[in-house]
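In structure tokens below, several structures.
Next come two complexes built around chain A: one with chain B, the other with chain C.
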Partner chain A sequence: MFKLEKRPQQSQKWIYLSPFLAVVITMISGGILFAILGENPFEAIRIIFWDPLFDPNFASYSRPQLLVKAGPLILIAIGLSFGFKAGVWNIGAEGQYIMGAIFGASLALAFYPMESKLIFPLMIIAGALGGFLWGMIPAFLKAKLNTNEILVSLMLVYVAESILASVSQGLLKNPDGYGFPGSRNLQKYESAANVEIISNSGMHWGVLFAFITVIFSYIVLTRHIQGFNIQLTGEAPRAAKFSGVNPTANIVFCLGISGALAGLAGMFEVAGPSGQITIEFNSGYGFTAIIVAFLGRLHPIGILLSGLLIALTYIGGELAQLMLGLPGASIQLFQGMLLFFLLATDLFANYRVKIGTN
Partner chain B sequence: MYIKSVIAGAIASVGIAAAALAADVKVGFVYVGPVGDYGWTYEHDQGRLAVEEHFGDKVETVYQELVPEGADSERVMTQMALQGADLIFTTSFGYMEPTINVAEKFPNVKFEHATGYMRADNVSTYSARFYEGRAIQGHIAGKMTKTNKVGYIGSFPIPEVVRGINSAFIHARKVNPDVEFNIVWIYTWFDPAKEADAATALIEQGCDVVLQHTDSTAPQAAAEKAGGVITFGQASDMAMFKPTPRVSSIIDDWAPYYIARTQAVLDGTWTSTDTWDGIGPGMVGIGEITAAVPADVKAEALAMKDAIASGDYHPFTGPINKQDGSVWLAAGETADDGTLLGMNFYVEGINGDVPQ
Partner chain C sequence: MIKKLLELDGIFKSYPGVIANSNISFDINVGEVHALLGENGAGKSTLVKIIYGLVKPDSGNLLLNGAPFKPGTPSEARKAGIAMVFQHFSLFEALSVAENISLGMDHPPNQKDLGEKIKSVSESYGLPLDPAKTVGALSVGERQRVEIIRCLLQNPKLLVMDEPTSVLTPQEVDILFKTLLKLRSEGTSILYISHKLEEIRKLCDTATILRLGKKVDTCTPKNTSTKKLAEMMVGSSIKAPKKINKPAGRILLKIENVCSLSKSQFGTPLTNIEFDLKQGEILGIGGVAGNGQDELFAVLSGEQISQKGSISFNESNITKFTPNQRREIGLLSAPEERLGHAAAPNMSLIENILITAEQSQDLVSRGFIDWKKSKAFAEKVIKEFDVRTPSSKNTAGSLSGGNLQKFVIGREILQNPTVFIVNQPTWGVDAAAASSIRQALLTLSESGAAILVISQDLDELLEISDRFAALNEGTLSQIEKTADLSFEQIGLMMGGAKDLEARNV
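Up next is the complex of A and B:
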């Protein structure tokens, strides 16, 4: 029957082919799922993948929204990809995202209601710094005490969530908010608002930063010694050591850059689409970005595409719920399938399928 | 430019939708939980179904569940408006600013936001006086607890939730001077795993009554498993846990309100309003008090319900002191709605602080 044979080397072809195969299998399985739920599977798949881009009623609104949703995912995933390549597992981007938002919003609110062109650039720095510092905690503990950065960074997400809840009701609470939790709306504070650069495009400053980061990361990974060090540490830690790569510097670099980028994403979100620091401000971008990073094969261009794809499934999924009355859980299941099948099809990169009797 | 094109799109799509579907009015609902939570969202969806039942072909409804509070909800509302909804109910506190934002872009669409305080020409607010039901729960809890420890699962420390804690506590203390409240904040409206953990932790601390201000039935299941613990259905009857652990419940009945507001849109008489109704007008119901509650306690509870319904009794009637001992309400004085709506303090006797 079928036999799996380990490949001597990862198949480059399959590394790039498996995401596409995973998307196709997800469409088929999702279609079966939607058919079981009593909907026309072709219509459901069309609404998810096609309508947000080309439907005459919705596309003019949902196409820009695609960028709004993909921007933070790409920004965070690019940061994570550095660490994931080097074997530094930052699972806590969600926490760094929250801290970036809190730092950025705090700075803006400290200046409120002063209007100045300097406020927004300062917020960008503050946002990156917030995420960076939060990422430095697991980096420091790993470098000094050899703690596990997966656990520390993940646990710090819950700490960050508690801080978020605290500042929403205390430090950053809107004084004109009748005692309800939540900060002032930064969209209404001109100097701090993260506005669309081109109107009706969805292209706010965070999306622009995401695109710049893609290019920056491509250059670092392919042309810069730090990129080489990262790859080497991940693929051959001993060789890296002999060639003089400082493991501590590597950890600090990876957690620092992923923290700073996640913090930036949080800052752009709070100053733009969200507008407010609220208890429920974070909506899982930091975790979803992990999927984006792997779906994009930790490659900058791949991450750009996978970020857009995941954003499409979110927006298309919402449309499918609305148009067909599909249950919300079925859409979440559909998105979960994508990661599941990706992991499954990755098998082909490491193994060859042989058909035979022995 | 942006706003104009969106509006133009909206108008165009309203036209298309109306022509294609022939329903006079399309009503949208945005839910924070799943419709099957058997709590908060479930009852809003029952309201939606009642609208469909009442109006038949004249009204079409759409809904979206599990919508996160914040920027995502703004997109969901916009898509609903683009799809041709004439009236949109946004049913969680965190949808407040997004509702206002979207309403600005769609001046011809009516919005109704539950439990918030921001209104506009095309945004109404509505909520129910859940604290009236909490008073009755507090009374039963104070009478029933043997350990004198009552657990309370709080979602977010917003005035609505703090008000419920105060109301329950005042009435529990009134009948049982030794009663203490243990309050746990879990910062979510709906997360069965967290809710179950919180309930289990409270039960392990010795609480034999668990009140909840979260939307799932997980605390009920945890109490049933532990045994000897009583609970109350929250937002919905949660009747599957009768006769114990669930001994009574607060039931939100949104159907009459939703039908009235839809009718107003059909008639063209809709205006922006602020509605806050309680047991009297029927927006808050008290679910059956089961046989697990002694007959005399049940009779007292029902008497309180009648007194609240008729307006003879206000759950916040002085003398009541704030937690720090300062006087809030003098003897015989009742709380005004403004203070209740912004309530961010505990009354005297509650341990701990409202999280800041």
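Up next is the complex of A and C:
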């Protein structure tokens, strides 16, 4: 008989260990799944987790992709982690990501074809503002009318997607695009292009911003009173109120910062890897970032690592599709399993297993 | 001849890190009131849960009427004739008395028959109760009656009562005791759990004393002095706090006509609260739980802004001040609920220092936290208030109730408050910690601070407060000098009699 016994204090060891255990269990379950599909499980796992980084045929393409994919995930997940620590559940980062991209691209297209060093910095501000404003809608409704931010922010994703579809066929459509939907390609507009800082590394400005955000978030959470207040609100809301934390300011801060960072990620994406506003611009980074945030224990360094890992599953999954003909949904399945097993192994942080009879 | 009802033999139960019950053996006879006496954490609750089928012992045997008894669930225990009244009631506030009682029955009769039955049982035991009333509208004493009647309807052989008097006024206690004695005369055994020695000496035939999970002794309380009982319970003699009488100074805090709605549906709104708090005095506010204590505390700590009336501090109006603004001028407070309100359970003691001491100890400059200073202050509190913890890095939730309470009270007192508001300073705290907290409050008042103590422990208020008032349904009674009050007068004040003279007491 197994018996679960509550630990007197949360185990620090397990808090850090459980993500690794979750990865291992995901690999095993994934392997079983691939075996059922008739593939060699070891080969499939190698293709997903090893080949993108070390196979001489693929690594030159895949390695830069790692940063390209991890950048937005980390940027968004860092923003979300503030809210998740405080119990403010922003599920709509995808929508804020889209709005940041639309704001950033709109600003650039408004100046087109003028060339100026000021355009890119202005786009950064516009992108952050777009995401921020989109995040303020659930914040305002929660603070004033006590609505549920999970529902409001999630539903606003679909509103943002509709706006995206509308502008890519209307307002922002490329006049020289032979009637195809989609905006001008910003990669070809020098002042607005988000270029690689080091060529062939995948390190564009957005990735740099993501790294800076990791450091910034680390400092805020460990040294700054705002970070403390966020954590206190999440741990013990009544104690936070007793301590004088203003709940409204807290909601606004959490949704504001996660919205702004998601917006930034969207802006860097549209000006860089994606290049243009199209109907299919968004690819689910805003949702996947939720997994990244939790897999990283809502800790900045953890998010950095989990962002890279999830990026690897994207690239490896694509490779597996190509090499083994696995269905495209298998990447999402992998990511979903990872979150599932993480939540399951988290049990060990608070409980220990006792083997024996009653 | 004395017949044994329930025999406990070598009961042992351990939890991770603690042995709750170690080798406990005693007998409960038919028709006796048997006290289970011990401090918080002595293992009383675990033992009772074993008897009631909520917890299985690791080893040891129970015999009921001479036959082995191993209740796996409470319903099995109930079938065997064991009923229990818990300290924390399990009642649905939105349902009526009869509905609540029928929910706890295995085969409930229809509401009308049940209503009649409730009426007849409640009247014959002197506990009048209207079966159609909504529980939310009942006082705490009446709610307890619902729980007792629920038990009596099963015709129990053994009635277990867990700290029943902690929520009652002295008059209500008398009524309860009459009921219990009537039950005893009918042959029902009662296991009575308490740490109140006088009560036990008055009511109980036998007492088993537990300390740190072990049985200390079984004795006849009537033949044992209170002092002896206390020593057996605590294990050493406790120093009673010393109170020095001194004249009170000028008025520091003035509350006028304060009204405040409660946030929760079944809370109690405050109406026209008025009092002064003077330098160097302790004002005790008594009353049965749920009569507006939490609301009064929230209005004074600044967590709730009163809708009407004014609060002034040193003659300046602070009615609309936030909790932090109040802290800045020296008005500090310590709430009743330690975990989740006064402290964050999963955060370290160092982090918990920041909850209230940020301003006075200058722990934050330009938004950045000075962790060194916070740690130093946490360690000062730990040292001066004898908080038992391996380190200041341990979480608040890992401390025992008494130690965390010392930490919470110490955190405020070491900030040298001008006015200190405290709600239930020694609730659920062991006797030694309680006595040291009371002493700290007295010392603080001698240094010139004004202290408001909200408490349900009358003995505590009589021991430390200079003046006394009671909260009843959100209104405050007249304020009287504690030294002039009798228990009877206090009971009347708690029951809502405003003008003692007019009632001809």
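Keep this in mind: the second predicted complex is superposed on the first by the 355 of 358 C-alpha atoms of A that agree within 3 Å, B and C clash if a C-alpha of one lies under 4 Å from a C-alpha of the other, contacts with A are read in each partner's own complex, and residues count from 1 in each chain.
Simple rule for what comes next: a contact is a pair of C-beta atoms (placed from the backbone, for glycine too) under 8 Å apart; a residue touches a chain by one contact, two chains touch by 3 or more.
All figures in this text were calculated on a predicted structure; none of them were measured in a lab.
Engineer: Clash or fit: chain B against chain C, after overlaying the two structures on chain A?
Structural biologist: Because the two structures are overlaid on the shared chain, the partners are seen to fit without clashing.
Engineer: Give one of first, second, both or neither to describe whether A:His224 is in contact with chain B, with chain C, with both, or with none.
Structural biologist: Second partner only, chain C.
Engineer: Once the structures are superposed on A, label A:Asn40 by its partner contacts, choosing first (chain B), second (chain C), both or neither.
Structural biologist: neither
Engineer: Could you tell me if A:Glu5 is touching chain B, chain C, both of them or neither one (first, second, both, neither)?
Structural biologist: A:Glu5 sits against chain C, while chain B stays out of touch.
Engineer: For A:Thr248 in the superposed arrangement: first (chain B), second (chain C), both or neither?
Structural biologist: neither
Engineer: Between chain B and chain C, which one contacts more residues of chain A in the superposed model?
Structural biologist: After superposing on chain A, more of chain A is contacted by B.
Engineer: Between the centres of chain B and chain C, viewed from chain A's Cα centre, what angle do you get? Round it to the nearest 10 degrees, please.
Structural biologist: It is 130 degrees after superposition, to the nearest 10.
Engineer: So, A:Ala329: does it touch chain B (first), chain C (second), both, or neither?
Structural biologist: first
Engineer: For A:Ser116, is the partner it touches chain B (first), chain C (second), both, or none of the two (neither)?
Structural biologist: Neither partner.
Engineer: Could you say whether A:Leu232 touches chain B, chain C, both of them, or neither, answering first, second, both or neither?
Structural biologist: Once the two structures are laid over each other on A, A:Leu232 reaches chain C alone.
Engineer: In the superposed model, how near does chain B get to chain C, counting Cα atoms only, in Å?
Structural biologist: Shortest inter-chain C-alpha distance (chain B to chain C): 41 Å.
Engineer: Both chain B and chain C touch chain A; at which residues?
Structural biologist: Shared contact residues on chain A: none.
Engineer: Give every residue of chain B touching chain A within the complex, in rising order.
Structural biologist: The touching residues are 1-2, 5-6, 9, 12-13, 16, 34-35, 62-72, 74-76, 78-80, 82-83, 93-94, 97, 101, 116-117, 156-159, 185, 187, 341-344, 354-356.
Engineer: For a test of understanding, state which residues of chain A touch chain B in their complex under the given definition.
Structural biologist: Residues 57-58, 60-62, 65, 68, 161, 165-166, 169-170, 178-182, 185, 187, 196, 199-200, 269, 273-276, 278-281, 283-284, 315, 318-319, 321-323, 325, 327-329, 332.
Engineer: For chain C, which residues are in contact with chain A within the complex?
Structural biologist: Per the stated touch rule, the residues are 16-17, 56, 301-303, 322-324, 327, 335, 337, 339-347, 351, 354-356, 358, 364, 367-369, 371, 394-395, 397-398.
Engineer: Residue numbers of chain A touching chain C in their complex, please.
Structural biologist: It comes out as residues 5-10, 223-226, 228, 231-232, 235-236, 238-239, 241-244, 352, 358.
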